[in-house]
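Before I ask anything, here is the structure I am working with.
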Amino acid sequence: MSGLLLALRRAGFLLVSLFIASVLVFLTCAVLPGDPARVALGVEATEEAVAALRRDLGVDRSLVAQYADWVGGLPRGDFGRSYVTQVDIGEQIADRLGVTLSLVLGGMVVALLIAVPFGVLAAVRHRDASGTALTVGSQLGLAVPSFWAGILLAYVFAVRLRWLPASGYTNLADGAVEWVRHLLLPWLALGLVQGAVLMRYVRSAVLDVLREDFMRTARAVGRTKTGALWRHGVRNAAIPVVTVLGVQLSTLLVGAIIIESVFTLPGIGTMLLQGVANRDLLLVQGTIMVLVGFVLALNWLVEVLYTVLDPRLRAAT
Amino acid sequence: MTADGMAAAQVDPLLAGESVSGVRGRRSGNLAARIGGGVAALVVLTALVSFVWTPYDPTGIDPENLLAGPVTGGHLLGTDNFGSDIASQLMAGARVTLLVGIVAVAIAGLIGTPLGVLAGMRRGWVGAVVVRAGTILFGFPALLLALLLAAAFGASTGTAMVAIGVATIPAFLRLSYAATLQVMASDYITAARTSGLSGLQIARRHVLPNISSVLLVQSSVAFALAILAEAGLSYLGLSTRPPTPSWGRMLHDAQGFLFTDPLLSVWPGLAIAAAVLAFNLLGDGLRDLLDPKLRDR
Amino acid sequence: MRDLSVRFGSIPVVHDLTFALAAGDRVGLIGESGSGKSVAALAVMGLLPDGATASGHVEAEGTSLLDLPEKALAALRGERVAMVFQEPMTALDPVMPVGTQVAAAVALHQDVSRSDARAKARELLHQVELPDPDRAMATYPHQLSGGQRQRVVLAMALANDPAVLICDEPTTALDVTIQKRMLALIDRLVADRGTALLFISHDLAVVSELCARVLVLYGGRLVEQGPIAQVFGAPRHPYTAGLLAASALSDVAPGSPLVTIEGSVPGIGAFPSGCPFRNRCPRALPECVEVPPMTAEPAGASYACFNPVPSSAPAAAFTRPTRRRR
């Protein structure tokens, strides 16, 4: 199958997955008990008022109609208006998306900065005490809940040393230094734990590659051990690591939501939690759709990347 | 193996056969299993003991000693802002931790495994559909499910258990699918087929026993992840409600007193980390001990 | 090399191996699995696996190899000494096109531009008889058959005109039909360049076609060596005699049992002390518990045995052993 056809097929799968996910999200929210009109008007409201509001909001129509309406608006960025706060949901999401994305991407960078060097080192030195020490360290690192790490980091750097703020956020546009200062502790909290997890995979991948025959051929032709590692090992070891990266990004997203709470960052996570507390179903619905969509898209991207890296898969259908 | 199968094996280093302790195999596997098993047993023991005895009533109040430090006023680890004994809360908190872990892993295993085995045994479109469904479900992390459930029914231990359990199904699904594929490729399966055994019989007699060791390892690791997930949900207030003690919620409450009583934040976090580490080590150790037959290294 | 010994941890695998290779020499290294032949070759290249140690003395054109640091050793590998391995299916990097790998082999030791290296790579691929070398440059290893991959490895090995080419059972993993062509190819390429060849195999017929001298290895020790005609025509060591008898299928009358060497090859580290063959040897003597010294023979041959096979058959009566039908 040619590359283009394969790409189209993959894109098709993504769209189907997104569609199915949207149905699932919508249905789950639809069957949840709670009449939005009643929630908005309160317990004291009269039946007529409730019925009128239901007509206004459009929740008295069939499920299919409601779904079609909602899904139709999604590609345009129209998520509807919150029943509870009357704010345009799409706008809210857009506002806060930047925060969460900064958090997630920064966290991933930190995680990679830890995982790759230490993982390679642990693999190359796996027979030494230093290699074992690194492995033990990674086990400790991944057992730690990221929010605990965040609290401890906040204590050391914000409460005791007072170098960094423990909460709040500044937009990148309003000042890069302040932006970094507010995000540094969250990045570390997310990245350290994720880094430990990733390190195990990197180490495993590098160990596997080191045992391969083609490494020996490379050395027989005249490369040094390190030369062979760089030239041949990296690309081959990257393949299994990239696969894991996709799953890890989803985990990172979830972790980011929790970390937002720890450091009171105005991101999607805190908005979501508030929505749940307020029983703001439409908001919750839209936000979860965005998050699920992201995760699915990321996984799709990883699959594509995987094919790019490993030529053996290009021929496979 | 198809690209999907290869991807499945890649995602699961369990199947690809590499472990953390790696080269030294049996010896270090033994060590890891022992340490992990030991600490895990300790956690279980603590939870069980807490039903019968705790130093103080975990939900009780001691107005004399608010926010006391360790070994103060007869409280080994101090008290929180209500005067409740920290040590007792930790012990009782173990109950929730273990309960959620057990139920979540049970849900995931009992639903994911049969589906995975089915998909692995029946090739063709059934297999493809199940794997695709698993991939989509993978996009729903436990947190999001828990949020939905909490929005509907109000947060509770129950919603947390179900959310984590459902979110772990894809992991068991993928694992049992890939493992079943490996088993199905063996010669004795062909022999069994030729001798006329039905699919169900083959599954029961040949597939399940052979994938059981991988499943056991996965269960231990999934348990560790469930503990972590529950802690996170508790922290956000999406799991066990007060006054039932829970480690995650203890951590949330402690954060408010970071300036005045930082130690409060240490104990529950330590408990969570210890429990997660224990089950992870147990899983790793089991893998080293059980797997050499499955691996060809 | 002189007195080369290799140990895997505490288990000795090669004992006191001594032989010399001159320019243009064609030497075969015969032995069954477990004889230590591959290990000896890896020791020369400095490619022993972790945990294996080599002691003794290995020299290439005056440079001592065993204690060289990695960088210096790497400079020699591929340039002065090259090696082709047994398993072609896993020998090449799966994510890199074949042409790039060969060009890299060139670029490592020669100071040429990238395009020149690629041109040379293409030329090499042509020399190893790969069909359509231009297209081959861009193919990936998984698109090639085992025989084709082995040719690529050969091209990489000969890229820098090494003084010595070591082939470790290069055709064992290939189909019989391909084997013959590959051997002819190696024969031609080595002859054209005047490279010394160390051909490791367990197949006596192949070695006798390709090589002028032969070394017989058993249990990590050299048991006999010398010109092919002499060693194969009039073997002195019981093991060599046994090997030859077992391969000479055409000499066996139909219906009669095949000739075999009694017993089976022991595992690593399980060889008896002294002469490693003594527990299977029909001519064993009490003194064989000591390691027999090498006894010299005319024409530069030698053997290590206290009770050698009598040299009854003159060299002229030597007949080549037939190829085993697989």
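Which chain is which? They are A, B and C, in the order written, and residues in each are numbered from 1.
We adopt the following convention: contacts are C-beta pairs under 8 Å (C-beta built on N, C-alpha and C of every residue); 3 or more make two chains touch, one makes a residue touch a chain.
Quantities reported herein were computed from a predicted structural model and do not represent experimental measurements.
Which two chains touch most often is answered by the contact tally, and the pair is A-B. On a Cα centroid basis, the chain most remote from chain A in this structure is C.
Averaged C-alpha coordinates give centres for chain B and chain C that are 53 Å from one another.
Note: centroid distance chain A to chain B, computed from Cα atoms, is 21 Å.
Separation between the centroids of chain A and chain C, computed from CA atoms only, is 54 Å.
For chain A, residues that reach two or more other chains under the stated contact definition are 127, 239.
For chain C, the set of residues touching two or more other chains is empty. Among the residues of chain B, none is in touch with two or more other chains.
Of all residues in chain B, those touching chain A in their complex are 2-3, 6-7, 10-11, 13, 16, 18, 20-23, 132, 135-136, 138-144, 147-148, 150-153, 224, 228, 231-232, 235-236, 238, 248, 251, 254-255, 258-259, 262, 265-266, 268-269, 272-274, 276-277, 280-281, 284. Chain A meets chain C in the complex at residues 127, 212-214, 216-225, 227, 231-232, 235-236, 239, 309-312, 315. Touching chain B in their complex are the following residues of chain A: 13, 17, 20-21, 24, 28-29, 31-34, 126-127, 135, 138-140, 142-145, 147-148, 151-152, 154-155, 159, 166, 200-201, 203-204, 207-208, 239-240, 243-244, 247, 250-251, 253-254, 257-258, 261-262, 272-273, 275-276, 279, 281, 284, 288, 291-292, 295-296, 299, 303, 306, 313, 316. By the touch criterion stated above, chain C contacts chain A in their complex at residues 45, 47, 50, 70-71, 74-79, 82-83, 85, 87, 90-96, 104-105, 108-109, 140, 142-143, 153, 156-157, 159-160.
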